[in-house]
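Shared chain: subunit A. Partners: subunit B in the first complex, subunit C in the second.
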Partner chain A sequence: MSEHLLDIENLKVSFHTYAGEVQAVRGVSLKVNAGECIAVVGESGSGKTVTSKAVLGLIAEPPGEIKKDSRILFEGKNILDFTEKEWRNFRGKDAAMIFQDPMTSLNPTMKVGKQIMESILLHNKISKQEAKERAIELLRQVNIPNPEDRLNQYPYEFSGGMRQRVVIAIALACNPKLMIADEPTTALDVTIQAQIMKLLKEIQKKNNTAVIMITHDLGVVAGMAEYITVMYAGCVVESGKVEEIFHNPQHPYTSALLKAVPNMENENKSELQIIPGTPPDLIMPPKGCGFASRCRYCMGICKEQSPDFTHVSESHKAACWLHHPMAKKVLGTEDIRRVLENE
Partner chain B sequence: MSNGNQEVLVHVKNMKKYFNIRNKGVLKAVDDVSFDIYKGETLGLVGESGCGKTTCGRTILGLYPVTEGEIEYEGRNVTNFKKGDLPWFKKRAQMIFQDPYASLDPRMTVESIIAEGMENFGIYQKPEERKERIYELLQLVGLNKEHASRFPHEFSGGQRQRIGIARALAVDPEFIVCDEPISALDVSIQAQVVNLLVKLQKELGLTYLFIAHDLSMVKHISDRVGVMYMGHIVELASSTELYANPQHPYTKALLSAIPIPDPEKEKNKVVLPLEGEVGSPINCGPGCRFASRCKYATEKCKTETPELKEIEAGHFAACHLFE
Partner chain C sequence: MVKYILKKIIYMIVTLWIILTVTFFLMYSMPGDPTQASAKVLPEAVQKNLEAKWGLDKPLGEQYVIYLKNLIHGNMGESYMTPGLTANQAIEERFPASLQLGLQAVAVSLILGLILGILAAFNRGKWIDFVTIFIAILGVSIPSFVFAALLQKYAAGGIFPIIGWVTEGMGLADIFKYTALPTMAAAISGIATYSRFMRSSVLDVLGADYILLAKSKGCSRFQIIWRHVMRNAITPIISIVAPQIAAIVTGSFVIERIFSIPGLGRYYVDSVNGRDYPMILATTLFFSMIFIICMVGMDILYAVVDPRVRKSIIDGN
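Presenting the complex of A and B:
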């Protein structure tokens, strides 16, 4: 497909603080096709949430600043040039967001039904009665029992998992083409997490909605995403199909991240592989690769210049100097995998 | 619960912790749990939020007074200790808290945070000795002595958790309750802290009660694991046994819900459906607490509380199915 639903090109976002300019996102490119589920994985502070907020125009300026040469194309239109009115039409209707914490993303003083109807009434010319019917239908779609009664309740009367279902219902209200889920299950228990992930998967298949899943937990997205983008220190370090990322990671960070999680099937209680150190300070981002200071394969060039993407396959690319032909004498692409696996 | 050659360090017998809630009744956070913690082992405690695992850990340390039941430490009943005896227990049993941002006083330097316990127990009379020990502790947890004069806000989450660990170690304890020590940290930092805890256990011969909801991490660090559901321990076994051969319907459902970081396995795995939500622990009557969500539930489950029974050597489960 040549035309992507969403095409983020060289997105750069900074925040101006008293301490200085925090370069939260430093040149991120990302493509999403219609009906596809991609996952953005990274630690806190890697810029994944800021990227998603930029797509919905939720970056407050100031203190935030989206750099001039950034482009976000949605169905071919650069949404960064939108006026406030165009944004309002876009948000909720074309793209919707599911926030991390269902305890704070709902308005505690408004009945749940009203919160769902709010965006339906805003974007469609229909009567209140019709909007109410639509809200009931939505609650049924997200498996909330007795939707007619639940509509008249307040968020505090819902449990965490149920609230997240309501948030999903609100996001679905206008059949958006793109849904951004920002750590939708982080605040939930593992059993509820399984329920919510199942629900999201069903909805994505049924409505053919494109989904961007933002998470720090690789395990959560293994069963749902088709493509994974790994972010570190405001940059994309690796992206590819889910199988490629899990079975053939080509960036030392991805590989280390996969190893830092204990394997449930592994019986030996050896030490966990750790990533020493902490992520870099983005007020003064490193000149070279963001991961260089924590990377065990760090070379001289890594600290001087940031690496370009090397394509491993058509869909799989990684930004690491180890893939450079000059470095090949030490480690070839194939060898990296072998070395990483043997350790 | 006997385990031949191992020495029991903490013996919890029929421990109950109820909270009175105004106008609503009684919240039975921990309801009649019994278990032993052996010297030098790590006992994991898992369960969903609200199941009482944190209350359980805090009650053992005396941070909450017990409602009923006994806690024995090295054979001494600590629940009826007089004020004068308490330091004996508190010096031996320490805690690492969940939130490294909330558990350190922002107005104290790292040095005074670590020294506080030493002062309370009168360890190290000379200031130089104490200082020496603080530097030693900082090094032990992977920080260095320049950090001693700084304030908590100057540290990252992982470093703060290390300070919390150094504080717990300051009084040379034998037993540490780790209350979700890694859940507030990033994945790459979690492994650092877990490896540190394992290293310290080996070097200092510590005993841990490791409370967490991250089931894969608990499996990694624990020798034995207990599963809690609404104030009851429903299953208790060695960690390899529990994960390979879960018996209680709740444990089975809980384990099947863990996401596997492998796309093929994750797509093909069967999640045992766990319908509904955790019930309310307020004013709950007798019977198995899991009965309302359990597909095997019978009339008996709703009226009689199942006891934790040994179904195989070292493998305990509380379910009427095994009678």
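Presenting the complex of A and C:
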């Protein structure tokens, strides 16, 4: 019924804590086509990691809870209905994940080669020797020198960047159709970041793997992703092609986020723009738009009712009341345009 | 690696020598002496004779040197209380019972403790977790002799004899009958300790990123526990197990006494009461040696389990 590889529809995830129910993800919809790279951008606590974990069934229930009307379709099948066995077949083979911190995401007491082979052997009926050869090939693919020797080393013998390459090799082990990279470069220094991003891009092109790149750094995604989805307080606020988001942001949060990216070429040495305030408490999420309390253009309606998506183009949509015809009457079309074009 | 082991052996000898010296002088500063320890009051002439025979009339320093000389030749002296019995013989005779009781108790407490700890961690907040906490509190707060007495009162009498120990020629069934209660009594505190430690250790590991990665590879629950959790969770346990093994192998003299087990622990206490100097020194030395061997064993086990430790040993740091 759908030509999308991954189709997340109205995903709602809550966590039950002593303080109350934290509604971490509040109705996220997201589509990924085969071989395409999309970026999910948002600040800490915006629900991007929870969304990605839900795709791999890694949300522990309890304390987590995926609401009943949520759907995640992978090749047309709702993976939220998977049995434990189906999940095990799905994880690693159809979809794989790259985690944020390579220093902690490898088992410290297991040889690197064995950790890669484990994934291969789980999903393929091949001998250990063949798995080993495949592991060497994978290490070569992620540009680790002397893969034959490196195979027999432990994670502590690798640097941070090298470990992240190993994690990527593990994710690639079974040629997954979808790879989720959860802030893969956050824990690395800048030069290594660039190398890892380049590697991920190469792999995506070569293997035709779909990639969901989760990040809070817009600079990271510019060269890599085709589409960007911006999340805030557990909701998608804007999504569109990279050029559309970068050059024509339609949500005040997106434009504020873009202005918060440090610019090395800025000769005026102006201060870095920040977004004042803090995200709302998701135990008691706001009735209206999640960004209302921090938004410079907040109107009465913003606090009362959450906005629907307005399509700016076929691929570009934003959830903001400023796009409502009534807002244009209140503020004037010129004002709105100035607002949305960052004044 | 060879250098490492050599270094450990030298440390061990030095440690033993220090323990020996301290024990030697502490022992002589105890009030009372061997000639007055027995129930009968001996005539003064007999006392003098005995002192001369045992060399107690010489100055303390000279006695110490003589003892060291003998020790280097492997001679740890003869018992005062049981004439004719050498310290070596006494250990040979008495230690097997202690060792068997100790090893059985360690095995039982490790197996039960680790399994309970793992179950509790995986079922945090459920009934099995509370059962483990309950057992742990009981095991830690009730002294083993109380537990031993309770076992004698309620569990013994039927299949299990109240007191006694394995004698030669017994079948497996009999060995089990005689050792079950003392083993349980000696194991309870270990079960309590290991289960608590294992629980928190497993919970630590379960929260680690690499467990999430293993799960995202498609590992089953069992594979995750076996390949990724166990090895990492057990490392912190090793450091508490080693001294406990030493303590339980050497020091269950209360249990040995309650169940009338002819073990070395009980003998140790008797020799202190009887001021049986050669025996006190011999058993102290022997216990210390076992303790140190356990600690070295722990270091080696660490290296086996954790590659980072292995590397630092091979590099000689």
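We take it that the second predicted complex is superposed on the first by the 327 of 343 C-alpha atoms of A that agree within 3 Å, B and C clash if a C-alpha of one lies under 4 Å from a C-alpha of the other, contacts with A are read in each partner's own complex, and residues count from 1 in each chain.
Criterion: contacts are C-beta pairs under 8 Å (C-beta built on N, C-alpha and C of every residue); 3 or more make two chains touch, one makes a residue touch a chain.
Computed from a predicted structure; not experimentally measured.
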item: Partner chain in contact with A:Asn78 - subunit B first, subunit C second, else both or neither; value: neither
item: Contacts of A:Ser313 with subunit B and subunit C, given as first, second, both or neither; value: neither
item: First (subunit B), second (subunit C), both or neither touched by A:Gln273; value: first
item: Subunit B versus subunit C as contact partner of A:Asp189, first or second or both or neither; value: first
item: Touched partner set for A:Ile170, first subunit B, second subunit C, both or neither; value: second
item: Chain touching more of subunit A, residue-wise (subunit B, subunit C); value: B
item: Touched partner set for A:Thr17, first subunit B, second subunit C, both or neither; value: neither
item: First, second, both or neither for A:Ala96, with subunit B first and subunit C second; value: second
item: First, second, both or neither for A:Tyr156, with subunit B first and subunit C second; value: second
item: Intersection of subunit A interface sets (partners subunit B, subunit C); value: none
item: Contact set on subunit C toward subunit A in their complex; value: 208-210, 212-220, 223, 227-228, 231-232, 235, 305-308, 311
item: Subunit B partner contacts - residues on subunit A that touch it in the complex; value: 43-44, 159, 161-162, 189-195, 197-198, 216-220, 222-223, 242-243, 246, 256-258, 260-264, 267, 269, 271-276, 278
item: Contact set on subunit A toward subunit C in their complex; value: 56, 58, 87-93, 96-97, 99-101, 104-110, 118-119, 122-123, 154, 156-157, 167, 170, 173
item: Interface residues, subunit B side, partner subunit A - complex; value: 48-49, 156, 158-159, 186-192, 194-195, 198, 213, 215-217, 219-220, 240, 243, 253-254, 256-267, 269, 271, 274, 277
